[in-house]
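Here the chain labels run A, B, C, D, E and F in written order, and each chain numbers its own residues starting at 1.
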C-alpha cells in the first residue's frame, strides 16, 4: 500500500503531464513546421516499426533500380530524430542516376552484390569506389552522386540519412522531367538542343 | 586554350582556398572540440569507405553478442556529419543487455534472423517488438533499451545513429564494472548486497 | 504631435506584426512539435514567473527526496529557450536514486546542507564528490547519476538543465515499475529472479 | 508509354507525399513555434519573391532613416531558412540610433553613399568604420550598434541577417518609449531625471 | 578469468579510443572555435566542480552588486554543454544596471531577499516583477534587463544561462566606458552633451 | 579615483578572460573543425570589413558572369556566424549556369538590370521569375538553380547565404570538368557520348 502511494508521488511530475517528449511521432495530417510535423497524441510500439523493406515487390524501374524510402512521410517515428533510411535494390545493369540530397548526408551499407558509387565535391574532384557486401560509403550532404550495380547479380544496400527528410533531386528529372523551357535549359547547361529534346521525351518534360 | 583560361577563372575562388568544407574527415591525432575533430588536410576516396563489417570475425562475448562500431573513432569520415553505424551480431541466445546512448537516436535494420528489441520511455512505458529480416525499429535518444536473438539461428542487424559519436552506457558495466562503492550502489538502486557482490564479481567491479 | 507620428513610423514594422518572436511561451493546449509547443498568443509578466519552489510543501517520498520541476509543462515560459530548472529537497538519509536525463545536461547548485553526487561516463568511470552549500556540479547529458544527502540535516539544491524538457529516467522505475516481463528483465540485466521479484513488488511492476 | 509508367514509378515516393519539405513558406495565420511558422500548403514562384525594396516611398522618420524589412512577417518564404534582409535608406544627416538584434548577426552591404557604422563588444571595445559603396561590414549578434550617413548625399545599404526573425531593440525606444517608470529607468542607467523626462517626451514614454 | 577476458571484449571499442566524448572540459590554453574550446585530454571529478560561489568575499561595486560567474572561462566543464551559471549578490539599494546577454536566455532563482527584475521586449513592452525567495524569472535572450534589491536586507539569486558563454553588455559601460566619441554617442542616443560628459566621467570613458 | 577602481571591479570577469566570444574571426592558418575555423587571437575593425565588391575588375568568364565571394575563406569575420555574401555581375547575355549550394539557402537582391532566376524543387517543379532592381528572390538550400541577364544592359545582384561556407557545385564542371569516366557519366545521366565528349572538351575534363 505504501508502495503505491510512493509510486504516485515519485511519478507525479510526469503523470500529470502526459506529454513528456521523448519522441515526436509525426501526425501527418497536421501542417509541418520548419522542425517537422506536430506530434501524434497517442503512440504504440507499432509506430516505431517499419516493415516495407521486406515487401518482396521491389519491381525496378527504367534505370533498373528500386528505392523503398523510410523517410518521415513513410515512417512517422523518425520525425524530429534527424535520422531515416531507405532500401536500394539494383537489378543487373541497374543504376541510380546522378542525384543529390539537399537535406542530409548519406551512409550506404552494401548488403548484397557489388555496387560502384561516386560523388563529386565542390571543387569538382571525383570520389569513386566499388564496394562489396558489408562495406560502407559516406556521401556528404548536397553533393551529386550515383550508385550502380557493379556485379553480375542483383545488388542491394541500406541507405541511411542524417535527416528524417533528406529530399532527393534526380538530375535527369530535374532537368528533363518538367516544363523548364528548352531555351533556359540549353542556356544553363550548354547541352545541345537535340540532346535536350531527346531527354525531354524520355523523362516526360515539356517546353 | 580559351577553355583552360575560362576554367581557371571559373574555379578561382575554390582553387585559391583548398579548404572548402564539403566534409571534415577527422584528424584523430588532434584534440576534439564540442563539434568534433579538426579536419584532415588531405583526403582520398578511401577515407570515405569503411570495411570492418565484413571482417567475418564476429567472435561474440559473454552475452553472445558482437558489436562492430563505425563511429567517428573507427570511421573518421562521419566527423561532423551527424550520422554513424554499427553491425550487431547475435549468437543463438545472445543479447545486448540493457543500455542507452546519451548522444543519438538509433535506427535498427534487421538483416538476418529474428530480434526482440525493447525500450522504456521516461514515463516508464515499455515498448517491445520482435522483428524479422528487413524490419526497422527506431529507439529514441537516451532511453534504456535491449536487443536479443529471438530465433533459433544467428541474427544480425545494422544499427545507425543520429550522431557520429552516440556513446553507449551498458547498465551492468556502469553499475558493476567499476569502483562505485557497494554502499553507494545499494543506496542508489535498492539492490541487495548479495546481488551487488555477485554482479561486481562477474563484471570486474571493485569497491 | 510630430513625435507621435515619428513613433508610429519607427515602430511600423513591429506594430503591424504583433508576433515578433522574442520568446514563445508554450500554449500547452496545442500539439507539440520537435522544437516545442506553439506559442501562446498573448502574454504578461506573470507568464515569465514561476513560484512553486517556495511552496513549502516538499513532502518527500519513499526515497526521502522531493523534486519540484519547472520544466516546460510546469513553466511554459521556457518553451524554446533551451533552459529549465527544478528544486531538489533531500531529507536526512534521502537520495535520488540512479537516473538519467535523455535530453539535457544538468548543473546542480547546492543551497543547503551537503550532497554527494556521482555520475558514470560511457567508459564506466565513476565521478563522485560531496558538495557543500554554494558548490556546483555539472552532470553531462544522458549519463546515469545519483544524489544523496551526505549530512545530518536536510539538504537542497537547485538543478538547472540545458533543455526545457530534459526527461528523467529513474532506473528502478524503468526496470521494476512497469510490465516489462521478468524473463526479459533478467536476461537483459543478469539480475537474479528473486531480486527482480522483490523490486517489482516495491516499485509496482507486473509481469 | 513506357516512359510515363517509368516516370510514375520513379516519382512514386514523392508524388504520394506532396509535403516534401524543401522549404516552408510561412502560413502567417497559424501560431508560431520555436522553429517558426507552420508551412503554407501550396506555393508558387511569387511566394519566393519580395518586391517592397523598390517601392520608392522611403519616407524617412525623425532620425532621417527608413528601414524596409523583409523578415518572415513581411516575406514568408524565409521561414525556417535562417536568413532575411532589409533595406536601409539614410537621408543626409540620417542615423539609425543605437540598437541591437537579439536573434541574428548582420551583414551590411553599402549600395549608395558613405555610411559610418559602429558596434560595441562585450568587453566594451568600440569597432567603428566609414564604408563606401560596395563595402561590407559584419555586426555580430546581440551587440549594440548604429549606422549613420557619413556623406553629403543620400546613402543606402542592404542589411542581411542570419535569422528570418532577427528582432530589433532600439535603445531610445526601449528606454524612453514605454511605461518603464522614471525611477526604475534612472536607477538602472544613472541618467539624470531631467534627461529622462526630456527623452520620454520625445519618444512617447509615460511613467 | 573468463570475466576479465569478457570485460576487455565488451569494452574494446571504447578502451582503444579514449576520447569518447561524453563531455568536453575546455582546454583554456587552446584557441576557441565557434563551438567552444578544444577538450582537455584528461579530467577528474574536480573538473566538474565549481566552488567560487561560497567564497564569502562578495564585495560589491559602485552599483552595490557583485556577480560571480561560472561561465566557460571560470568553469571549463560547461564547455559545449549549453549551460552556465552565476551568483548575484545585491546589497541594500544595489542594482545590476541595464544590460543584455547576446548569447543566452537567463533563468534567475531568487535565494535571499526580494529582487525586482524587468526586461523590455523588441516591441518596447516592459515586463517587470518583484520576486521573493524561491521564485524564478525567465529573461529571454538578447533583451535589455535589470535587477535591483527591492527589500531592506541583502538579496541574492542564482542566475543560469542557456549557453556556456552568454556574454554581458552593460549599457552604461558600452556607452560611457570606452572611447566612443561624444559626437557619435550623442547622435546615436539623443542624450545631451552634458549628460554624456557626466557619465563618461563616472564610467571612465574618453573621447 | 573611485571610478577607476569601480570600473576594474565591474569588468573583472571579462578582463581576466580576454576570450569572451562575441565573434570568432577565422584564423585561416589553423585546421577547420565541423563548426568552422579556430578564432583569431586579436582583431581590429578591419577584420569586420570586406572591400572586394567595389574592386571594379569584374572581368567575366566564358559564361559572361563574375562572382566575387565573401565567404569565410575570403572574409574571415563571418566564421561561425552563419552568414555570408557574394556579388554577381552579369554581362549582356551572361548566365550563371545550373548549380547548387550544399550548405546554404540563398537570398538574391537585384541591384542593377534585370535577372531571370529559376530553381527546381525535389518534386521537379520549376520556379522561375524575372526580377528587376530592388527585388529579392529566395533559393532554398541544395536545389539546382540558375540566374541569367534578362535585359539589354549589364545586371548585378548581391547574393547572401545562410552559411559562412555555402559551397557551390556547378553542374557542367561537376560533370565535365574532371576525370569522371565517360562511361560512368553516360550511364548516370543518359547523355549521348558525343555530347559528353563535346562538353568535356569545353570544360577541361578527361576520361
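The criterion applied here is as follows: a contact is a pair of C-beta atoms (placed from the backbone, for glycine too) under 8 Å apart; a residue touches a chain by one contact, two chains touch by 3 or more.
Molecules present, by chain and UniProt name: A, B, C, D, E, F = Germin-like protein.
Small disclaimer: the values here were computed from a predicted structure and weren't measured.
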Check: For subunit B, which other chain has the most distant CA centre?
Finding: D
Margin query: Taking each chain's centre as the mean of its C-alpha atoms, which one ends up farthest from the centre of subunit C?
Written below: F
Next item on the list: Could you work out which pair in D-F, B-F or A-F copies the interface of C-E, where over half of the contact pairs coincide by residue number?
Entry: D-F
Checklist line | Interchain centroid distance [CA atoms averaged], subunit C/subunit D, Å | finding: 35
Notebook entry, point to check: How many Å are there between the centre of subunit A and the centre of subunit B, using C-alpha atoms for each centre?
Noted result: 21
Item checked: subunit B and subunit C, separation of their C-alpha mean positions in angstrom -> 26
Checklist line | Residues of subunit F whose C-beta touches two or more other chains | finding: 11, 14, 20, 22, 30, 33-35, 102-103, 122, 124, 128, 140-143, 167-168, 170, 173, 177, 202
Notebook entry, point to check: Mapping chain-to-chain touches, which pattern fits: line, ring, star, complete or other?
Noted result: other
Margin query: If we use the touch criterion from the header, which chain pairs count as touching?
Written below: A-B, A-C, A-D, A-F, B-C, B-E, B-F, C-D, C-E, D-E, D-F, E-F
Checklist line | Contacting residues of subunit F [partner subunit A, same complex] | finding: 95, 97-98, 100-103, 116, 118, 120, 122, 124-126, 128, 140-144, 146, 148, 167-175, 177-180, 184, 187-192, 195, 198-199, 202
Item checked: List of subunit C residues in touch with subunit D within their complex -> 2-4, 6-7, 9-11, 13-14, 16-17, 19-22, 24, 27, 30, 33-39, 41, 79-80
Check: So in the complex, which bits of subunit E are touching subunit F?
Finding: 30-35, 59, 61-63, 67, 69, 71, 73-74, 102-103, 165, 167-168, 170, 173, 177, 201-204
Next item on the list: Can you check the complex and tell me which residues of subunit C touch subunit E?
Entry: 11, 14-15, 18, 20, 22-23, 44-46, 48-51, 53-54, 70, 75, 77-78, 81-85, 87, 105, 107, 109, 111, 121-124, 127-129, 131-143, 158, 160-162
